[in-house]
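Note that the chains take the letters A, B, C, D, E and F in the order they are written out, and that residue 1 is the start of every chain.
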Amino acid sequence: MNGGHEGDDDRVRQFTEFRQRMNERILAEPNQVVRRFFALDTQTYQPGALDVKTKELLGLVASLVLRCDDCISYHVAQCKEAGASRDELFETFSVGLVVGGSIVIPHLRRAVDFLDRLERGDAAPHSAHDHG
Amino acid sequence: MNGGHEGDDDRVRQFTEFRQRMNERILAEPNQVVRRFFALDTQTYQPGALDVKTKELLGLVASLVLRCDDCISYHVAQCKEAGASRDELFETFSVGLVVGGSIVIPHLRRAVDFLDRLERGDAAPHSAHDHG
Amino acid sequence: MNGGHEGDDDRVRQFTEFRQRMNERILAEPNQVVRRFFALDTQTYQPGALDVKTKELLGLVASLVLRCDDCISYHVAQCKEAGASRDELFETFSVGLVVGGSIVIPHLRRAVDFLDRLERGDAAPHSAHDHG
Amino acid sequence: MNGGHEGDDDRVRQFTEFRQRMNERILAEPNQVVRRFFALDTQTYQPGALDVKTKELLGLVASLVLRCDDCISYHVAQCKEAGASRDELFETFSVGLVVGGSIVIPHLRRAVDFLDRLERGDAAPHSAHDHG
Amino acid sequence: MNGGHEGDDDRVRQFTEFRQRMNERILAEPNQVVRRFFALDTQTYQPGALDVKTKELLGLVASLVLRCDDCISYHVAQCKEAGASRDELFETFSVGLVVGGSIVIPHLRRAVDFLDRLERGDAAPHSAHDHG
Amino acid sequence: MNGGHEGDDDRVRQFTEFRQRMNERILAEPNQVVRRFFALDTQTYQPGALDVKTKELLGLVASLVLRCDDCISYHVAQCKEAGASRDELFETFSVGLVVGGSIVIPHLRRAVDFLDRLERGDAAPHSAHDHG
């Protein structure tokens, strides 16, 4: 029962700090496969035949149907950074909802709550790709 | 590590409020696919060839094997409302556990904790179908 | 692209023989955990607080949302054996479809095709619980 | 071990016929939830804030990470119809592969084989949205 | 957005107590299938042709790709108990990451945080197999 | 209903040829993310703190719980190559079965059938790591 309740802007900040600290910790580890995977993850969302916004929308819908809250809020923030509108985000949500089913609904609620707080300026967008 | 700890009846109430508030927020959005999906979700559990209790047990076992805590506690509450006994709920849990495997166990613990609190009157049952 | 095409009644018979042969092979192996799991799987669908038909409908919806064709056709046959009507099966399909999303549709097509053949007498129902 | 082997253009045609026949069969059934779900599925991919090509790419990546071969080949064909280039499809594949992991690789092989046959004209594109 | 933040050693202790209490509660229930499943779960990790450490690493990678935080931290602790080194754990993480994809990353961060706290002595290892 | 029937040794050979041909086709494509992912996949199973057999057993159990037949048969062959005994493979199967549940059973039947054919010499082991 992990909701996105009133007053958890502190939790968002704590979570962002936790993610950065643990990413650094993981990348300092002498495991080359893990480090290369993180580099590949960053490379995946670089512009190419598809622009960054489209790629981030793809990352968002994949995260929705696989139902990972951290990945969803990460990609919502990246989509906003890349210029996606609220309507574009909701159409992406609708694809995730129809493909993935009602089991996606609790994650959709938290995604919309996160988006609302981003638009109010309560949640700081990420400044660089930092791995889901 | 999201457990159902002592003293989180407040979290249950916060969660219920969060769910209602976000459902209203989502349904106010001009995205017809999302709104129709929510309507269809409600229609799914109406009585038909199968009664409401059986349909809610089906929703519960589907939520268990897909491992969504919010959906599980929602359907546990709906099953109770529809008259399911503790033994019927545990037999439904057992199908979910055997089909879905030991990965279901942490969700089963939280489901039983939620059921215990419902039976003690600590957790308010939902008054209407409000989407997983 | 594994469909349920015209003319694959032979495939159904081959599949049934394959399942029986492999179940015997697996149970002859000196691995007690696997053998106990198979025994537990059989016990799960015995009548209790819930009757056999309800339990098989639970097994069916769990198989649908987890998208396992073999398990789905197995439980469709068991549900028919236990007296489930076509309308009850379709309501169970509808719960699986709404909870699991459009990704369930290809499995639904094969489930309905299998049900049609069962009702025409083309596909032999299983004579005993033989493990998904 | 269901591969996309040489000489299974017949299987593609059989599969397409099977899909159409079963969709008609399912929609003829008096289950309103299932019928409404199919209508909603069609509506999801209509142009809106996002164009059809982007929506079909979203459907494709969701199908990839959920690993449904029928859905993947369906959306590959729809993406081609909507004007997606081979490079755009491969970038969508790359997002699906990185988000979903190496478990996606067997499905990627079948997706590329299907795309190759589409580009050679061996596999007929679908003429209308017909549900995954 | 359930992270493993600074200061949640209390949450770890609460979670451990919750797990033990709920396991006892579940095993006290007159449902034989559930009780037998728990016994079988314990038996699965007993030494045999494979030693305990290898079996716990198998349980860990299965939990990683199925993305269950409680199961992951449980098996990390069991692996440590069975003598797995940090490098062996990271190689197991790397298999889980490559097979399961970037969707595993948030769980990896929490796994490494849990491992760090175990190594600092902040998190008590489990004294016996207590079911995921 | 994709079983591993009598007489499908031809299908195994066709499948192996298909896999090799499509891997070459995919690696010839100018998509660096996909190519790097394939290289990383190979690197993951190189000996390190854990030996090759243990890593392949990890890959096998991950494939079992994620229920990918191609990946399962691939890793069964790799495990045999690396010296895993039938008992070790069955203990790995038992972990996958208990963690993943009865939904794994159809895949277990096909895995044991593939192992039987490998041991009879009917199915050629793979000569190098070629990506699941």
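Things to note:
By our rule, a contact is a pair of C-beta atoms (placed from the backbone, for glycine too) under 8 Å apart; a residue touches a chain by one contact, two chains touch by 3 or more.
Bear in mind the structure is a predicted one, so any value in this text is a computation, not a measurement.
Of the two chain pairs examined here, D-E and B-E, the one linked by more C-beta pairs in contact is B-E.
More than half of the residue-numbered contact pairs at D-F reappear in one of the options B-F, B-C or C-D, namely C-D.
Put simply, the chain farthest from chain D by mean CA position is E. Each chain gets one centre point, the mean of its Cα atoms, and the points for chain C and chain F are 25 Å apart.
Computed centre separation for the pair chain B/chain D is 32 angstrom, with centres defined by C-alpha atoms. With centres set at the average Cα position, the gap from chain A to chain C is 37 Å.
Each of residues 2, 4, 33, 37, 40-41, 44, 62-63, 65-66, 71, 87, 90-91, 94, 97-100, 102-103, 110 in chain B touches at least two other chains.
Taken as a graph of touching chains, this assembly is fully connected, with contact between every pair of chains. Looking at the complex, you find that chain C touches chain E at residues 32-33, 36-37, 40, 43-44.
For chain B in complex with chain A, the touching residues are 2, 4, 8, 11-12, 14-15, 17-19, 22-23, 25-26, 29-31, 33-34, 37-38, 41, 44, 62-63, 66, 68-71, 73, 110, 114, 131-132.
By the touch criterion stated above, chain C contacts chain B in their complex at residues 40-41, 44-45, 48-50, 54-55, 57-59, 61-66, 71, 85, 87-88, 90-92, 94-96, 98-100.
Chain A makes touch with chain C in their complex at residues 65, 97-104. Those residues of chain A whose C-beta lies close enough to touch chain B in the complex are 1-6, 67, 87, 90-91, 93-94, 97-98, 102-103, 105-106, 108-110, 112-113, 116.
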